[in-house]
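Letters A, B, C and D mark the chains as written, and numbering starts fresh at 1 in each.
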Amino acid sequence: MRRLLQPHVELAVSLAAVVVLPIVLPSIAMATEVVIFIIATLGCNLLIGYVGLMSFGQAIFFGVGAYACSLTLLHSHVGIGAGLLAAIAASAIVALFVGFLSTQKRGIYFVMLTFAFSQMFYFIAYAMAGLTGGDNGLLDIPRPPLVLFHVTLLSLTPPLEMYGLAAVVFVALFVFLQRVITSPFGSTLQAIRENEQRAIAVGYNTRNFKVIAFVLSGVVTGIAGALYALFLQFAPLGNIDVSMSERIIVMSILGGTGSLFGSVLGGTFYVVAGNMLSAIWPRWLLLLGLILMVVGCYLQGGLLGAAERLARRIGRRGPRAMTPAASNKPVGRP
Amino acid sequence: MTLSRRSFVKTAIGGAALAATGPAILRPAFAADVTKIRSLYALSGTFAEAGKTAELGARIAAPQFAKEYGIKVDYKAVDSEGNPGRAVAKILTEIQQNQVKYFVGGVLSSSALAMSEQVHKANGVFITAAGADEITGQNCNRSTFRWSVPTYGASRETVLPLIEKYPNAKRWYTITPKYVFGEALLQNSIDVFKEKGVEHVGNSYHSLSETEFSSYLTNASAAKPDVLLLLNFGSQSTNTLRQAANFGMKQKMKILMVWAEGLEQYEEIGADIMDGVYVGCQYDVSIKSPGNKKIIETFKAKGAPVPSYSSVSGYVSTDLILRGIKAAGSSDPAAVIKALEGLKYEGPTGQEEIRAFDHQCVKNYYLLKGKPKAQMKNKYDLVEIISSGKSFVPQNQSLCKMA
Amino acid sequence: MSLYLIQLINGLGIGMIYFMISVGLSIIFGTMNFVNFAHGAFYLLGAYLCYAVVAATGSFWLALAVAPPAMALTGWFAERYLLSRLYHAPHQYQILVTLGLALVIQEGVMLVWGAIGQNVATPVLLQGVVVFGSFVYPKYRLFVIGFTALLTFVLWLALERTRYGAILRAGTESTEMVALLGIDIFRMFSFTFALGAYLAGLAGGLTAPISGADPFMGPGALSVAFVVVVIGGIGSFSGALAGGLLIGVVQSEMSSLWSEGANIMIYVAMALVILVRPRGLLGRA
Amino acid sequence: MTADAPAKLEASGLVKHFGAFRALKGVSFAVRDRSVHAFIGPNGAGKTTLFNCLTGTLRPSAGRVILSGRDITDLPPHRRARIGMGRSFQVTNLFQNLTVFESLRLAAQAQAGIAAYDLVRPMERLGQAAASAEAVLERLALHPYRDVKAGELSHGQQRILEVGLALAGSPSVLLLDEPTAGMGVDDISIMKDLIAALGREHAIVLIEHNMNLVLDISDVVTVMHQGEILVEGPPDLVRRDERVKVAYLGSEG
């Protein structure tokens, strides 16, 4: 599928964004937040854009990643890498469980199932206050320096170093996911999104592919959750709330599904606009609501789709090079 | 009547919330002698009403005391969105972007605790009126001061006087939200029950997302208590009280809401239901003290609504920061912290004092009672003070071990 | 009377309210195969419209007569000019647009009426309680149960005995079939959506004297409605009733045992129903 | 026709109930390799149910399905596809937004087994799948439309691609469900030639309403009626059989 930006251009633009964000944004903290939510959005986009699955369970993995990383660092003296590994392992296990059950159903039943799991895990986290801190959350999470073979790579004390960690993880995950979507596995996901029945008929065990995609998505989102906990040094209960799922979904669709770069746009736009608008008008969510309605009705390709349309109109490239975002087309009603 | 409560707040926020959100490299280089203060209240989200009222208090206090103490102040409101994660991210932005050292805010326990830690890491000063005892208990730190009376005092100063007032009310039933704050109120109340030999006939826990309380009230009714003690907070206590009144419980027993949000909440509940209900609160406009007199006059002069607990908490928190700077004669946070420790001042509740060892403000807590509609002088005159007093955990029992 | 029996009765009362909140969602869900994430916001707006009419006129009965039809009109407009363009879009866009609509309603309510909740006084006629032995129950809640029961009967009659009801029931089975019968399904969708919004608004108005009108009551009501609709069976009228009553009773009975546990159990049950019996307890196969 | 060719696909005693309704009442047959075996019958004869039992979309209530000597009765559809069963759909069922080549490549890639799960290497590394896709493009004369989206093809081309997707996995048995459905006369003759040609290399199960096409190219025709086999034999035999006429006329009258 040819797009506005070829993969290597997307990567280059993403790299440039990583360098530019802390300079143009009002604070490094905001840049860090942007990058973390871009990662979470990438995880969500893998499901919506490449498999056609809309999961309300992303908050589960965001929350579990944050808790796993925080608890590891709070209760042992291992390094930051171990915290991230714990987040990966925990979110993978939970995503395997949730994904294995949820992918048994399609369409709106899948949405409802992930919604039920999201609420379930929220109340479990709330009830297990001894482990998760309940409503208070986990406080005072240590942020040990990043050490590799006894060499301190990043002390992580200055804000820019925390940003650096998040940015490096983001770039690594972006490259990894770019490879995933152009791999045999990724191309199969797109076949499933297009027509699952046919994918089964030609010999794919689509259930397996969906579960693996779900786990990948969960792990990426879990890493975002862990970075968020490291960034805030705090893991609030709100991480695992269904409204976090909604926020991540909104960022994904706002940016544009069907291309990883859409997530970069969506995450950046949501976090930056949210910060700026909330400072001006406490009722800014009203504007967000209007934007969602406009995007849903008229701009289904999201910001990326809008950019592509604009580029086509200006005609900088030949009109044939542009194909509308795949997500413009119906995926098939359940 | 001057401006309505809402329209005043709207213009206040709209006019002054010029967000300093320019690029990091173009950071405005403020003169060093301007003290930057940021308030972090929930201006949107579930606790927006309490948040914007508290912010209003801070907004009135900042220019007034700046002038009074001769300090240059740059005050801005930051919306915590009622979301602890967002609140911390925004504090980090303020610290990094504008090198802000002074913060007031925090209504919810979870937000306040997390904010307290961030300000402490940045060696700033944070003044809050949140309910979480940990703030001046096990999670206390050098940077954080708390104006509001902890759950210990709130329970004692409401439950004890009510027991004394009604010696025959021997059976008490409690309804508690399941989180640290609720548990703390419950434990402190149970201690008072034991001390006074009254019977705790039962407790119902509910989750923080509950809105339907009839089943808990049914449990309570079945226990046939003399007093129903509500230990929940905000819209949950409003709903519990409203539904208890629907179930006719006001006629059968005394109802005491230990931790009320103040005037806005009484208005939300309405005069009919408030009539005869006991509530505990940090502040009431009817307090007779020189400090309160001044606050009422100031609010009137500014065309602001009648002062309430929320607006006064924002007001006093901001005052305390500027008072500390004045006393220290410097805007260095370390010096300001020193100056605030042990500070005695004329506050809205009379003489108030900040304890040095845990940074807890020692002040009155009030037991109030809803007035019958016929006795109300105006629509804000919903409660009358029954008693007040100071109860605080002594230093040797405090969980605060400040480094 | 034992406490468990009292809680059973109270739970049935809560369940009737849950049914009211959910039935509109279920009808829309079943007929149009459309998940309306703005359903909770319709419920919220219904409560506020009711509050506004009571505040202006003092009459709760007038409010109950005016607010739900106003919601039906809102729903009809939303369907006609917003949602109707989404029937052929993937469901994520339907969810996105209704989520946006919910946000607009919620923030709009705060813009108009402020962020604090509003009290809606119980109508004078229904103040006070009725006493059956050791069981005390507010008159107003009794009225809500009676009113809902009556409404249930009327709705049932409408669905079973009228031409529209027959079309609607057929639509729950297969919209294609209805279209083949030469019926304008888009008009049917508009009408169905208006009916769903009407019922949500009515639920908001009816519960306002019990839990007030609060700008944040939407998402909670939506969650309850999802659970009830899924457990009862999507598109099933009797299922929504059974689901509502079941959830009400479980919550009420669990309140003295482990109330957070009740929440976990309810969502476990929701997941199990989708996995094991997707048509719900009473849904048609 | 090669009468001595071994049976590639066998069904024995297939029964399928839907509640009280018996859609298949014990159907047995054998499809020999390199032959076209057509199933005809009036509407409601049970052809579609039979087809679904063979492809695994439905599980028969009783009886067995044997593919190349292996009992596949309990295998799910994707597993059948992996051991040499290709199928097409009656209603065009393509990857609408993927190009013709990509669709065929994906269909071929399904045979790659564990390599299809490769997460990190580019899909071009699976050269086998691309080669198979190219071969099918050639064979079906779809190469001019290599980079056209499936959804943008004409109906006739879509029907051809429908068969192509079944073919891309290099199956030994092809199950074609009304391949000419909705086609124009010119396209039908292309499809007819294609099926006849494929029948020389594969075992083909054909469900088709176009009687002329069936009688022209089939090696064996099975006439079904009310869930049972009415007549089975070479086209000439079926053409003359009185029972077939009665069954068709009876169902119409």
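By definition in this document, contacts are C-beta pairs under 8 Å (C-beta built on N, C-alpha and C of every residue); 3 or more make two chains touch, one makes a residue touch a chain.
As the structure is a computational prediction, the values presented were derived from the model and not from experiment.
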Chain at maximum distance from subunit D, centres defined as averaged CA atoms: B
Most central chain, Cα average position: A
Cα-centroid distance, subunit B relative to subunit C, in whole angstrom: 36
Centre-to-centre distance between subunit D and subunit C (centres being mean Cα positions), rounded to whole Å: 48
Intercentroid distance (Cα basis), subunit C paired with subunit A, Å: 33
For subunit B, residues that touch 2 or more chains besides their own: 48, 52, 178, 207
Shared-contact residues (touching 2 or more other chains) in subunit A: 123, 126-127, 283, 285
All chain pairs that touch each other: A-B, A-C, A-D, B-C
Subunit C residues touching subunit B - in the complex, by the definition given at the top: 3, 6-7, 10-11, 13-14, 17, 110, 114-119, 121-122, 128-129, 134, 136-138, 140-141, 209-212, 214, 216-217, 220, 251-253, 255-256, 259-260, 263
Interfacial residue positions of subunit B with respect to subunit C in the complex: 6, 46, 48-49, 52, 178, 204-207, 209-212, 214-216, 218-219, 221-222, 235, 238-239, 242-243, 246-248, 264, 267-270, 272-273
Touching residues on subunit D, where the partner in the complex is subunit A: 55, 76-79, 81-82, 86-87, 89, 93-98, 102-103, 105-107, 109-112, 115-123, 125-126, 129, 151, 165-166, 168-169
Residue ranges of subunit A in contact with subunit C within the complex: 48, 52, 54, 101, 104-105, 107-109, 111-113, 115-117, 119-120, 123-124, 126-127, 242-243, 246, 249-250, 253, 257, 283, 285-286, 288-293, 295-297, 300, 327, 330-334
Interfacial residue positions of subunit A with respect to subunit D in the complex: 176, 179-180, 182-188, 190-191, 194-195, 197-206, 208-209, 212, 216, 326, 329
